[in-house]
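As structure tokens, here come the structures.
Look for chain A in each of the two complexes below; its partner is chain B in the first and chain C in the second.
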Partner chain A sequence: MARRLPRTAWFGAAVVVAYAVLSVAAPWLAPHAPDEVFVGGTFEPPSAEFWLGTDNLGRDVLSRVLYGGRTVLLLAGSASAISVAVGGILGMFLGLRRGVVDQAVMRLLDVAMSVPPIIFALLLIGALGPSAPLIVLVVGLLFVPNVTRVIRAATLSVAGEDFILAARARGESRAAIVLRELLPNVAGALITEVSIRTGFAAIFISGLGFLGFGPPPPAPDWGIMINEGRSTIDASVWPVVAPAVCLALLVMSLNLFTDGVGRAIDRTAR
Partner chain B sequence: MTRALLRLIGARLLLSGLSLLAVSAIVFAVMEALPGDTAQRLLGRDATVQALAVLRAQLHLEQPAWARYGDWLGGVLHGDFGTSLVARRPVLPYIAGHFGYSLLLGGLALALHIPLSVSLGLFGAATRRDGPIDAMISAVALLGMSAPEFVIGIFLVSILATTLGWFPPLALIDQAHGPLEVARTLLLPVLTLNFAMTAYVLRQTRNAMFDVLRSDYVRLAVLRGLPPRHVLLRHALPNALAPAINAIALNAGWLVGGIVVVEVVFNYPGLGRLLVESISFHDVPMVLGAALVLSATYIAINLAADVALMLLTPKLLVR
Partner chain C sequence: MTATDLVRVERLSADYRDGAGWRPVLRDVSLTIRAGEVLGLAGESGSGKSTLAALLLGETMPERRIRAGHVRFGGIDLFAAPRDTVQALRGRRIGFVPQNGGASLTPTMRIGGLLRSLLRHHRPELSSRDVGVRAERVLAEVGIPDPPAALRRFPHQFSGGQQQRIALALALACEPDLLVLDEPTTGQDAVIRQAMLALLRAIRRERHLSILFVTHDLATLAQLCDRAAVMYQGEIVETGPAPDVIERPSHTYTRKLMAALPRMDDAALADRVAAQ
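Up next, the complex of A and B:
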């Protein structure tokens, strides 16, 4: 399948990998500490010392963006991992099991999906206080119903196929059927879900940061940076533009990758 | 046929009612998780034991949570949402006023969104697939899908409001006089919401149109020598509409959450901003009321969208 991926998907994947490398290497790459304050150096324009200028408190924007990339990748990636792990297992289980349990769980998920996600997240994080693990958990669980639906549908579409019936007739264990027959056939859907949910989570978590419900300082977060910079955008656009462009590029690359994988799966199915 | 439809709508209504009940319980339970009790938060740390006891009795805090949930729900059903802890006045007028503003903003955004995105999708489908115009539309759509709405909003403000001065940077609609000024304050938030929503519908419409245009009956219509515009609007569009409606319905639901962020960006006095502020103030009755009304709107939109989809695409009912 990999050979059939369109070029745009490879580009998207390459950008995401680059983000990951930059985030891991942030402590070595960042010219300054993310919360180091340069007194008297607020709203500096880009220069040799501050490549992307400084913000309202005189902190280096480039360093903050680099460290912010760590925050967003770690939080969004973990949230996406939680949602795909839980939703994937649940979806496969329900798709194979069917019957009353399937119906009951699906109706329950319908009810869970009837709370607007952002409101649920704001309530929980507002009540319990913002912390990185809580944000990851809330966002991850919020996406579980959607992932479950997609993976259940993908499971249902192959569950009636001859090779699964044959494996059942051979008397193979349920675990063997799931691992050897089902998993390879829903792998594409799972990969797409990881990519979609990571993008959604990045936007969602930055949105929470923007609204003042992001991970607590000193961890720089792109949403928080955008919110801090927007009231002083007249003085300098860099503290807003830098994290905004980084966020949009990350989500765009994830979208390109998702699209490409989706199209490759479509073509294989045809 | 119609009876099946009515039964489906009835089942959907029942599920929506149950969802609303579940939502109210969830919202109440989450607010119970706030550290410290309400009396303590109201009176501050140096309140006397007696004062705390009196206030606790007044607020029925000595009762178990489920009893207070019952009281609250009973009150809500009678139009009594409780008293704001910050403003010390009934919650309902606040929520009603802010909800009206949100409804205005969301309604206008949707009213622009539906014709705009469908006609753009049609326009895209009318051009050659993977041609220059199609590629450009795809690129803009990708950008719209990738940039979060608060980023779009901030850039629109800094370009159109701060730099060019065409619009006010904040949408202070409650201070605007006359319909013209109201329209000026609303335009930027409406544009921001549309920027974020259009991409998705546009892609769905375009892809569905491309699929339909490949079908045999459309080819036959073209071979019969029918004018292209007639084929596009009369033969292809009706069959490509279901995915577009579906996408619009999803967007209408998204709007309930999206509006929260956009209201904060523009300082717009809507229900979303009221919710965010009340959460920071730990104003529990206000949070409960705002969250309940927003969730009810979300559920109502999804219900309306489902029914519309059932009515417009009878194909889905047969299964």
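Up next, the complex of A and C:
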């Protein structure tokens, strides 16, 4: 399949990997500490010392963007992992089980999906106080219904295939059928979901930060940075533009990768 | 012949669920398959023959329900026995080759993986060396060239006819007592069909197993089967020695089936294939 991946997907993957490397290496790459304040140096334009200028408190924008990448990748990645793990297992279970249990759980998930996710997240995080683990958990669980639906649909289409029926006719155990016959054949859908949900979670978590429900300050979070720079955008655009572009590029790259994988799977399935 | 009955289907009635609800698919079907016997089951599409074949595996699914009757395999009541018991029979003592052999092979697994996992599951006492030897031997038996290389390939790397043979190899791997073949020659051209029938005759000679051969093609029945049963609208309308059923059909439906048969010279073709 890898050979059939379109070039745009490779580009997306390369950007995401670059983000991961830059985030991990942030402590060595960042010219300054993310919360180091340069007194008298607010709203500096880009220069040799501050490549992307400084913000309203005189902090280096480049360093904050680099550290902010860690926050968003870690939180969004973990949230996506939770949603795909829970939704994937639930979706496969329901797709194989079918019947009344399947219908009941799916209707419950429909109800859960009818609540606007941002309201739900703000309610919970507002009540319990913003902390990184809570944000990850809430965002991860919010995406579970969507993932469950997709994986259940993929399972249903695979479960009717002759090779699953043949495996049952060979007397294979249910666990063996899930691991050997089902899982590799819904792996494409799972990979796609991981990447879609990571992109959604990145936007969602940055949105929470923008609304003041992100990780508590002075954590360098792109959403918080955009919000802080917004009111002083006439003094300097860099504190807003830098994190906004980073976020947009990350989500776009994730989408390009997802789209490419999806198309490659479609073609393989033909 | 005084052989014992391997399979007894006793007054079996079953329903099938489609969009409109439950509708009867088997009506009061009784059937026996003796040890070492090849029974042909003929009938048009929708006559219930594939459902009957699937029920011989003790397979009940959400869209099927048993209304009455039993299926006994070697004395075990497949619908009353514990799940594990029935599951242990499938693949081990009952081999099943579905209609579309190619689609029945898991596309993400190599042939070696499929055969080895099956053998390890049903024959845990075998050493991994023995498992490998048996996997190669059964592929050779069904006529797959270069078995060691074939074990490393994926299903899509074989032709349709070879995929069907690999599905047959999977069914034979654990040395079953009964082989259930659901239309194994449907949709294949005459040469491949004759080769498949020749292979089945050879397997039968070598292994002395019982075969249930499901088909809608009466002409192939004559070439392979000892006895034939004809199904029509969920009922068995005629049973008897295969030559009698085909030469002197007693039921109107069987006569219509015979009359509808295109007269191709399959016997001459069989000779040519045998000569190759």
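Note that the second predicted complex is superposed on the first by the 270 of 270 C-alpha atoms of A that agree within 3 Å, B and C clash if a C-alpha of one lies under 4 Å from a C-alpha of the other, contacts with A are read in each partner's own complex, and residues count from 1 in each chain.
Note that in this section a residue touches a chain if its C-beta (ideal position, glycine included) is under 8 Å from a C-beta of that chain, and two chains touch if they have at least 3 such contacts.
Fair warning: this is a prediction, and the values are worked out from it, not measured in the lab.
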item: Joint occupancy of chain A by chain B and chain C, clash or fit; value: fit
item: Contacts of A:R4 with chain B and chain C, given as first, second, both or neither; value: neither
item: Partner chain in contact with A:E172 - chain B first, chain C second, else both or neither; value: second
item: Inter-centroid angle chain B-chain A-chain C after superposition on A [Cα, multiple of 10°]; value: 100
item: Partner chain(s) touched by A:R98 [first = chain B, second = chain C, both, neither]; value: second
item: Partner chain(s) touched by A:D110 [first = chain B, second = chain C, both, neither]; value: first
item: Of chain C and chain B, partner touching more chain A residues; value: B
item: CA minimum distance (chain B, chain C), superposed complexes, angstrom; value: 8
item: Set intersection of chain A contacts, chain C complex versus chain B complex; value: none
item: Complex interface listing, chain A residues touching chain B; value: 107, 110-111, 114-120, 122-124, 126-129, 199, 203, 206-207, 210-213, 223, 226, 230, 233-234, 237, 240, 244, 247-249, 251-252, 255-256
item: Chain C to chain A touching residues, read off their complex; value: 54, 57, 59, 62, 87-92, 96, 98, 100, 103-109, 113, 117-118, 121-122, 167, 170
item: Chain A residues touching chain C - in the complex, by the definition given at the top; value: 98-99, 161-163, 165-173, 176, 180-181, 184-185
item: Residues on chain B engaged by chain A in the complex (per definition of touch); value: 15-16, 18-20, 22-23, 26-27, 30-31, 33-35, 142-143, 145-151, 154-155, 158, 162, 253, 256-257, 260-261, 264-265, 275-276, 279-280, 282, 287, 291, 294-295, 298-299, 302
